[in-house]
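Labels run A, B, C, D, E, F, G and H following the written order; every chain starts at residue 1.
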Amino acid sequence: QRTGYPEVIYGAGKTAQQIVGIVQAMEKRQQPILVTRVDLEKSAAVQEILPELAYDQTSQTLVRTAHALPAVGNIAIVTAGTSDMRVAEEAAVTAELFGNQVTRVYDVGVAGIHRLFAKLPLIRQANVVIVIAGMEGALTSVVGGLVDRPVIAVPTSVGYGTHLNGLTPLLSMLNSCSAGISVVNIDNGFGAAYNASMINHLVKEERP
Amino acid sequence: QRTGYPEVIYGAGKTAQQIVGIVQAMEKRQQPILVTRVDLEKSAAVQEILPELAYDQTSQTLVRTAHALPAVGNIAIVTAGTSDMRVAEEAAVTAELFGNQVTRVYDVGVAGIHRLFAKLPLIRQANVVIVIAGMEGALTSVVGGLVDRPVIAVPTSVGYGTHLNGLTPLLSMLNSCSAGISVVNIDNGFGAAYNASMINHLVKEERP
Amino acid sequence: QRTGYPEVIYGAGKTAQQIVGIVQAMEKRQQPILVTRVDLEKSAAVQEILPELAYDQTSQTLVRTAHALPAVGNIAIVTAGTSDMRVAEEAAVTAELFGNQVTRVYDVGVAGIHRLFAKLPLIRQANVVIVIAGMEGALTSVVGGLVDRPVIAVPTSVGYGTHLNGLTPLLSMLNSCSAGISVVNIDNGFGAAYNASMINHLVKEERP
Amino acid sequence: QRTGYPEVIYGAGKTAQQIVGIVQAMEKRQQPILVTRVDLEKSAAVQEILPELAYDQTSQTLVRTAHALPAVGNIAIVTAGTSDMRVAEEAAVTAELFGNQVTRVYDVGVAGIHRLFAKLPLIRQANVVIVIAGMEGALTSVVGGLVDRPVIAVPTSVGYGTHLNGLTPLLSMLNSCSAGISVVNIDNGFGAAYNASMINHLVKEERP
Amino acid sequence: QRTGYPEVIYGAGKTAQQIVGIVQAMEKRQQPILVTRVDLEKSAAVQEILPELAYDQTSQTLVRTAHALPAVGNIAIVTAGTSDMRVAEEAAVTAELFGNQVTRVYDVGVAGIHRLFAKLPLIRQANVVIVIAGMEGALTSVVGGLVDRPVIAVPTSVGYGTHLNGLTPLLSMLNSCSAGISVVNIDNGFGAAYNASMINHLVKEERP
Amino acid sequence: QRTGYPEVIYGAGKTAQQIVGIVQAMEKRQQPILVTRVDLEKSAAVQEILPELAYDQTSQTLVRTAHALPAVGNIAIVTAGTSDMRVAEEAAVTAELFGNQVTRVYDVGVAGIHRLFAKLPLIRQANVVIVIAGMEGALTSVVGGLVDRPVIAVPTSVGYGTHLNGLTPLLSMLNSCSAGISVVNIDNGFGAAYNASMINHLVKEERP
Amino acid sequence: QRTGYPEVIYGAGKTAQQIVGIVQAMEKRQQPILVTRVDLEKSAAVQEILPELAYDQTSQTLVRTAHALPAVGNIAIVTAGTSDMRVAEEAAVTAELFGNQVTRVYDVGVAGIHRLFAKLPLIRQANVVIVIAGMEGALTSVVGGLVDRPVIAVPTSVGYGTHLNGLTPLLSMLNSCSAGISVVNIDNGFGAAYNASMINHLVKEERP
Amino acid sequence: QRTGYPEVIYGAGKTAQQIVGIVQAMEKRQQPILVTRVDLEKSAAVQEILPELAYDQTSQTLVRTAHALPAVGNIAIVTAGTSDMRVAEEAAVTAELFGNQVTRVYDVGVAGIHRLFAKLPLIRQANVVIVIAGMEGALTSVVGGLVDRPVIAVPTSVGYGTHLNGLTPLLSMLNSCSAGISVVNIDNGFGAAYNASMINHLVKEERP
């Protein structure tokens, strides 16, 4: 791995002890570290041994920012409701650690579409747009129709009944009537940000 | 049944002969007649014996308008794409025969949202709004958020792959982030119009 | 928002603190307030800071009735069994706060159909009927066939095994052999009442 | 096999030639013969070689009644709509060939529940009741609540959209709020009649 | 209700207090009482006030046997494994309270088919056979092929992974290659026994 | 590829012309050739150009046996019904071309379990057993319980309604209460035979 | 629309006449035209009136290349099998018309992984990689793990049985263990190419 | 059962007391004993009475190795990630107790395919290969394409969202583009090992 390129650990289903072990094994490398899906209790147990990891409760992440690359370009993260926040912040923290500037545009769901319109100029400055939505995911199609950039859609598991734990916005996003949208797994804020970062860096760094 | 109130026959899975039989049995009643889901070939066979029935190919309906009640109030029928036309016209023909004025607002899907905005004043004049959409059905939530009237949503089977023959817009509509939306079966233009007509007539006729 | 028109907060997945914050932000507006999906413990935490909110355990709602509009018209809420009560009362509390008279007709499932027949005259006085049912949802079709008013059906998650957490009555309601039925999400008492209120007020107030 | 007890051949997916072969192999036994799921064309090919088989187009069956046992007891077959006829007649033909009297009560779906009530005395004379319904299958629960006999429910594939080819009435029947209902596969008129015949004969013949 | 005919209360989702209330309301009737789906803790709370109800932990039932009718005929209850016991005993307790003799044949799954064969003579003495199975439910077809009596099949939720909480044995039972099988909801021991009792009593009591 | 080891072409979705092209490209290799899923019409078009390929209509295969290895060991192919024949013969033809002796034991479904018992000694001589079944697939568990050899189960798409095009026997086989069973895709006779051949040859040839 | 930017018509479910109408309406604009999902017969009918449209049978597209922008950058299109060709060519034709250089790497599925390895240097020259696969879609994860570029995955409907018309590779792609993969609808070659083009042009043209 | 052949108890859903009872009943037989799916707490309760059973926390098994047969042949167990460890060790412990040598090749998922390649020589020494994978299960196809031995695939429930608790890798494995793969239930490490052991012993012991 290149210097400065983050190491990522998927914290769900790992004990604090296992996480500590993995982090210690990579400690000497000159890389930032990101642990996702860590709840408050587990994070405390990890921090006791590794106080250099900072915990963020909204995104449920543990992060060591040392050696992080400078932020370039711009990724917009757009959410429908406040309950999509955990996923949105997982994406935001990831994107920032991978060296991207992030524009947060939260709580602009289509039930009150004027809020989205007010933010359009901001969104349009980004190279890539991540749209995060639970419920029926309609925000994705509206943003996709208004913005001339690749949209990475993240369905969230926020909902009940026929929401089917996120299958409904997932299916909705895959069938969007707007072109230019691709989709990642339910609640996969990390995956969306990783993808967006790849595109953003292609734009910023790799043109011959 | 009251004079002028239409008799409806569900034509799918019935032979031309069976349809003729049912129509003849009710012929003496002073009521308009609507037969839904009749393809071109079957309609021709019916019309040979019952030339007073008019066939409309888009909506796949056979209609006898004699004795129909005068149209009152207003129902808006809004569709996302041109391929939702068959269902939309099934709804429109039904609504008209049940004595409602119909405003057609077709092909205003959210991929080009300005087309919808241009039509908003028109839609807002209706007592009830029927929204018909295939793909991901996002139009429903956008209309629901912009219009202060009951919205009856009809998912259509237009799409492919994960569209699952209409399950995707159905699920999307049931989970809409806009309040005031209720849903009928996939492609059920008749059911939506019947419902809308009931509401429209309540408003127009039955206030004590 | 118009004076007297309620503000609604979806309480599920929000902390007591978040709910308090949102309520305080809207406190100065002359509007009633409704918070749905609040359990006993969370309600206590909210009431400590906002004692003017009344908690109702059956419907799991917190309500501030100040500024509520006077009740007009009539909405009937019909349930199949006693276990559908939480959803029914969510609908009832919502309808009342939005200015509607509510007729409760509970526990009239089709296993003992005479109970339903005894209540028919009462139900028929309503402008709109909300039918709430778990199990197989058959009550919806029976009511729809007997009553000449729009029926809004709410499937509930009450059942086991092939009930699939409410998918069975949902599918049943969408395929009803009675016309005039539209459907909202599983357990969505609020949505049904919002819709019914819209229709009831159209009838009562808005005829030109 | 006992003399007079029918041999049954499932005709779907077999060629006319294969059916002829199987029938000829059992020709010498003193038993009636029933071939189910045979379309008009295939039946003609079979009858050319085996003219003693009678074809019934509604039930899609080929039958040789010679040696059939006398009919005893009574099985009621109740259907919701005319489109459930094929399945109902498959059940009726089966029940008759297995030596049962059959009472047909067709087209009494719950959208017009008075038709069912008019037939209740007739239905109550049966030892077993077969209820056949497509759409949402609500008829099953209503009959089950009104009749004190075992009810065997047959969901049919008649419907569209969320009907899911019969899964909706199947799920509905399995979750009936009326006790005393058991269910067979979608469109399985034969299976319901076989079961009902077993019960009817237990009642009529086998008490020691 | 006839004297001696049990009253049944579905205990799941009811509080001890609600159960007590319902039982007290029917206390004066000369009928046995059955409460299903009651766990140990809830049963203790009920028994404190109503010590005349006996609790059985395996079947999770509370029963008052006073006024029960004498047992007639014979119902066989056959299970595949020991983990199907809760459902089997719910069926057995129900059948006994409704006045039926019960033959328990447990743990005879097809992985060791000789155990089933050893019990066949016993099973064949019953008027009706209830087969209860989780896993793939293959026992149902084997019993159905060997026994000339109506078989009521109960899929159980015992299994993991693709067992899908009982959908797998349910589907398996609905598609059995043996005739004479009908199916009730997953884990519905009560429903199977109610059905079986109806058939058993038809045989024993009602022949003119 | 080793001399004598067959080349396999999946014929579904390929034109006769494409199949001819692929066969001609491999014509010079000293290998037998197997083309699966070829219907009668397509086979005729292929044979016009490549008359050395023999067509078998039951298994829907085209085969060139030249250079085939001698048959060793023994694979039993057991089916529940005659309608599983196409899949069974696809497996048999494959197994034979890959150098295995095949014992066909067809039409021994559990509805008449004595037929299976009569064939047990024959089945037990095989090194591997392929069980092919539609309907509910119960045969797999019964064979698995009686035979001390690896069983490869193939669900078939033969059935209707809740059979779900083979998903029901697939799920049933994956949840078998007998150990020693593994499963391949619906209708995948080729895959089962390829697997069985691998095992049979391990036994026969590769012990050091 | 900008000069040179293609107009796209979704041809499925449109008649030749409708397609002609839409093309003629946009004929005067200085833009290339792409019609997708057009079968041979329909294309002939369109070409009779509009001979300037070129038909490509593999991709099922009609194209007017006049005014197309020059191709820049590089998009790799990688497929697992030859049967994924239709979707792959829909993607390729789209990408080319939108002004991208395309590298086709076909038939490199993981059953013979050396074929993929031989092509890696070629694939790595692209700015974006489109991976198209039916069956189990494993190719996506392998490519994603080997290539440091955004991967857009397209599941295809090529398969049978549990393939579920493409749901299996879709689910597989959404759960890929390789980061950097996003997914579009089943068979949506157009959508993947549109996305890829957007990214490729961002890289090539829009860096400030 | 033969001397030395293990007795297996499925511990899930059994109390410590029930497990003790079953073990004591078989205690005198000269056979090793394996109890699967036992958590730490339950194991402690069992060991208090039966200290001769050894508990292994990773595999969640209790084992009595006395009388175990000597290990022969070789089974490779290959996993994609560390979170598949519980299932892998359930398979390993089972295989060893049934008298097989086991080669563990863990954490070689396709996201870093070089790790798998490094281990290929080791894997190729086995008679059978068990591949255990969650996520999208792509490892199965890659191993199947590289190794000329029967592969038994075990999908695991490790994942989230569209992983559907293991259905995704299950479907993926059933549709593998590599031949020679058969599949067992989700998380069924025991079943895979039992199967593999049967094959391995066929190879090692039973050639005439």
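FYI, contacts are C-beta pairs under 8 Å (C-beta built on N, C-alpha and C of every residue); 3 or more make two chains touch, one makes a residue touch a chain.
Given the structure is predicted, the values throughout are model-derived calculations rather than measurements.
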Original post:
Chain by chain, through touching neighbours only, how many steps does the shortest route from chain B to chain H take?
Top reply: 2
Original post:
Of all the other chains, whose mean CA position lies farthest from chain F?
Top reply: C
Subject >> Centroid spacing, where centroids are CA-atom means, of chain D and chain H in whole angstrom >> reply: 48
**OP:** Round to the nearest whole Å and give the separation of the Cα centres of chain G and chain H.
**Re:** 42
Subject >> chain A-chain D separation of Cα centroids, rounded to whole Å >> reply: 57
Subject >> chain B and chain C, separation of their C-alpha mean positions in angstrom >> reply: 27
Original post:
What are the residues of chain F that contact at least two other chains?
Top reply: 161-163, 167, 170, 174-175, 179, 185
**OP:** Spell out all pairs of chains that touch, sorted by label.
**Re:** A-B, A-C, A-G, A-H, B-C, B-D, B-G, C-D, C-E, D-E, D-F, E-F, E-H, F-G, F-H, G-H
**OP:** Spell out the part of chain H that touches chain F in their complex, as residue ranges.
**Re:** 8, 127, 148-150, 152, 170, 174-175, 179-185, 190-192, 194-195, 198-199, 202-204, 206-207
Original post:
What residues on chain G touch chain H, complex-wise?
Top reply: 80-81, 109-113, 135-138, 140-142, 144-146, 159, 161-164, 167-169, 171-179
Subject >> Residues of chain B touching chain G in the complex >> reply: 82-83, 158, 160-163
**OP:** Note which residues of chain F are touching chain G in the complex, please.
**Re:** 12-14, 18, 155, 157, 165-167, 170, 185-188
